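In the part that follows, the structures are each spelled out as structure tokens.
Shared between the two complexes below is chain A, which has chain B as its partner in the first and chain C in the second.
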Partner chain A sequence: MLDAMIIGAGPAGLSAAISAAQHGLHVEIVDEYYQPGGRLLGQLHQEPDGEWWNGIEETEKLLEQIESLHITIHCSTSVYDLQKVNKKWVTYTDQGNWESQAVLIATGATESPTPIPGWTLPGVMSIGAAQVLTNVQRIQPGERGVVIGVNVLSFAIARELQLAGVDVAGMLLPPPHLLSKSEGVPQEVLSSLLRFSHLAPSVLMHRGAPFVKGRLAKNLVTAFYPEKGMGVWGIPLQLRRTALEIKGKNQVEGIRVAKVNRKGELRNAITHDIDVDFVCIAGGLSPLAELAAIAGCKFIHEDALGGYVPVHNEKMETAVSGLYVAGNITGIESAKVAISQGTIAGLVIAKSLGARMINGKINEALQEVESRRAAATIQFHPHVISSRESLYKTKKTQ
Partner chain B sequence: MNKRIYTHPILENLSTNEEISFSFNSETLSAYKGDTIATALLANQIRTLRYHEESGSPRGIYCNIGHCFECRVTVNDYPGIRACLTLVEEDMVITSGKKLPQPLKHGGEENA
Partner chain C sequence: MSTLIVCRCEEVSLETLQKTAYQYHCSSRELKLRTRAGMGVCGGRSCRMMIEQIATAGDNEKNYETETIPLKYQPPIRPVPFGVWGGLSDE
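Let's turn to the complex of A and B:
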């Protein structure tokens, strides 16, 4: 029997395995992908100091430690059930079952779809699919495409596509319907964009950012926002254009777009078509948490964390004994935060199983999460810090 | 077109890999070792992995990381294999799902 089974070989699962094994635990990792690294593998962005955050290199650093600690990773292994049987955890996978004293679920996040007419055509894919194709598998998603949905992730990935020689003909708003809510309203999108103006070498973003706080200022900026869009790294950012329909017979051939007013409403029926051979849909991320539900965790809905998250405390413990969570399953944040959360989980599991460790080790790790969170280059939601604080406070007083 | 990205301004160059051959819907194709079924087909300019069981509409990858099951194909007679998660292997036999007959729909209109 294992001391701990770790589900997910992303940054959270890998770092948890490292800190647990460093304290003498016998841990193994399962992951359904064909190589370890999770969504860290595809990441490639420039930090404000000009350094590149290269997900492949960051993954290699973690894997070097995994190797020196002789931790086994079972790739291409999908977990479909998780149960406590006679005080032991059993992880059920398509490659057999494992027993362990503790389980850490580090399954990360999933992309929320934004269905629009034509989205089942081959050549339409999620923005994350294009990221993996381009940066990990090194094949272009197409020659010329558009990105539907303007958010921090699509912004970063549009740049990655461009670096790899793919022509990004524009970034557009999703169609104004119920599912896309504020993501379809130019004013709201613009103000959320200004939160990550540090990623964009653009005059309006830099000069505009400090001023666009109030509603009036936002109205002014969106009113003056060029109708044809504004170039960000040469990619037209079209906050006044919405994607209506993806066209094509057997695969993507084009996209029909229409003008919208500042509130995201269709101004008139004038539309035009853009020739593209691929389309990326960026609907945002939410925690991938089904296994935690199967294992008996309670859930709480937090917009700032990306949706429903299993109830847990800052030590990554759930209310179910022997069951832990870390990384994006606890809320959508950057990989650096996921790494530090994994370290905490590994230490806390080791401690619960009687491992000796230096006093203050866990507190140190807790502080590291907080400082990484505060310094994150990619912040998925502006209220993530306060949301975490209130979640962990409620748990403590229970 | 889905072209391979051999050189990159920041990432390392793609080291050309060992070629392997496999079949897709009875056609023999080649790809690189390390390709998934999905990327192996994309490199051959094939985007359609299957046809929807009911509507017959063509489908390709959507999420490319195992979440959506849009990419399911039959591999060596096993159905429901995710093309985005499965590495292509020498002599692998891959086939697409096809539109199924719907004898109960609209009084059996599609009863083919």
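Let's turn to the complex of A and C:
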């Protein structure tokens, strides 16, 4: 029997395995993908200080430690059930079952793309799929495409596509309907982008941001936002154009575009078509909670964390005995935060199974999560910190 | 404009879901059962959140106040051969 089974070989799972094994625990990792690293693998962006964050290199650093600690990673292994049987956890996978005293669920997040008429055509993919194709498998998703959905993540990936030699013909808003909500409203999108003005490569946005505080100012900015969009790294960012429909017979051939006013309403029926052979849809990320749900966790809905998250405390313990969570399943944040959360989880599991003299390290790791969270280049949601604080308060009172 | 499909497996459109939710004041679960959205081969992995969103938009259930996810998850959460699900791999 294992001391701990770790589900997910991404930044959180790998770092948890390392800190647990460093304290003498026998741990193994399972992951559905054929290589470890999770979403770290796709990441490639430049930090404001000019340093590049290369997810593949970060993965290699973690894997060196995994190897020196002789931790086994079972790749291409899908967990389909997780149950507590006679006080032991059983992880059921398509490659066999494992028993363990503790389980860490570090399954990360799933994308929630906004649906658009025609989105079932071959050639339409989520922005994350385009990122994996390009950065992990080194295959261009097409020759010329558009990105539908303008947020900080789709910006970063559009840039990655461009670096890979793909023609990104534009970034557009999704059509206004119930499921696109504020993602289809120019002034809402702009105000969410302005939070990232420290990253904005455009001088206009960079200089404009500090002055754009109130709603009136935001309205003014969207009113004066160039109707034809503006170039960001040469990619036309079109906040006043909505993607009405993806066209094509057997695969993507083009996209129909219409003008919208700053509230996202269709201004008139004038449309035009853009020829593309692929389309990326960027919706957002939500914690991948399915295993936590079948293992009996309670959930809380927090918009700032990306949706339903399993109730847990800052030590990564859930309300279910022997069950821990770390990484994006606890809320959408950066890989750096996930790595530190993994370290905490590994240490806390080791303590629960008898490792001693470990409290100091746990406190250090807790502080590291807070400082990384506060210093994050990309706060996926402005209320991440306050939302976490209220979540952890709730957990304590239970 | 072509139909906007929400559930690909069962080919259920946004229009059908919105009409059904409005007509019957459906919870997410009732919306799923009435339309079969989310009941196809993928087990709702791509449309689950949209179904919840459509049900909550009409304020038909107070999803956010409960401690459970509105549409229940049940094992197996990944497609597995019957042999594996039946425990043949244990032997």
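The definition used in the following text is that the second predicted complex is superposed on the first by the 395 of 398 C-alpha atoms of A that agree within 3 Å, B and C clash if a C-alpha of one lies under 4 Å from a C-alpha of the other, contacts with A are read in each partner's own complex, and residues count from 1 in each chain.
The working rule: a contact is a pair of C-beta atoms (placed from the backbone, for glycine too) under 8 Å apart; a residue touches a chain by one contact, two chains touch by 3 or more.
None of the values given here were measured: they were computed from a predicted structure.
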Contacts of A:T120 with chain B and chain C, given as first, second, both or neither: both
Partner chain in contact with A:L291 - chain B first, chain C second, else both or neither: second
First, second, both or neither for A:S112, with chain B first and chain C second: second
Which of chain B and chain C A:N97 touches, first, second, both or neither: second
First, second, both or neither for A:E188, with chain B first and chain C second: neither
First, second, both or neither for A:A164, with chain B first and chain C second: first
Contacts on chain A seen with chain B and repeated with chain C across the two complexes: 32, 78, 110, 113, 120
Chain C residues within the chain A interface of the complex: 1-6, 8, 14, 18, 45-46, 49-50, 53-54, 57, 63-64, 67-69, 72-78, 80-81, 84-85, 89-90
Residues of chain A defined as touching chain B within the complex: 32-34, 39, 44, 52, 54, 56, 76, 78, 110-111, 113, 120-126, 128-130, 132-135, 137-143, 163-165, 250-251, 277, 288
Chain A residues touching chain C - in the complex, by the definition given at the top: 32, 78-83, 92, 94, 96-97, 110, 112-113, 115-120, 177-179, 244-245, 286, 289-291, 293-294, 298-301, 307-308, 311
Chain B to chain A touching residues, read off their complex: 1-6, 8-11, 14, 35-36, 39, 42-43, 47-49, 52, 57-68, 70, 84-87
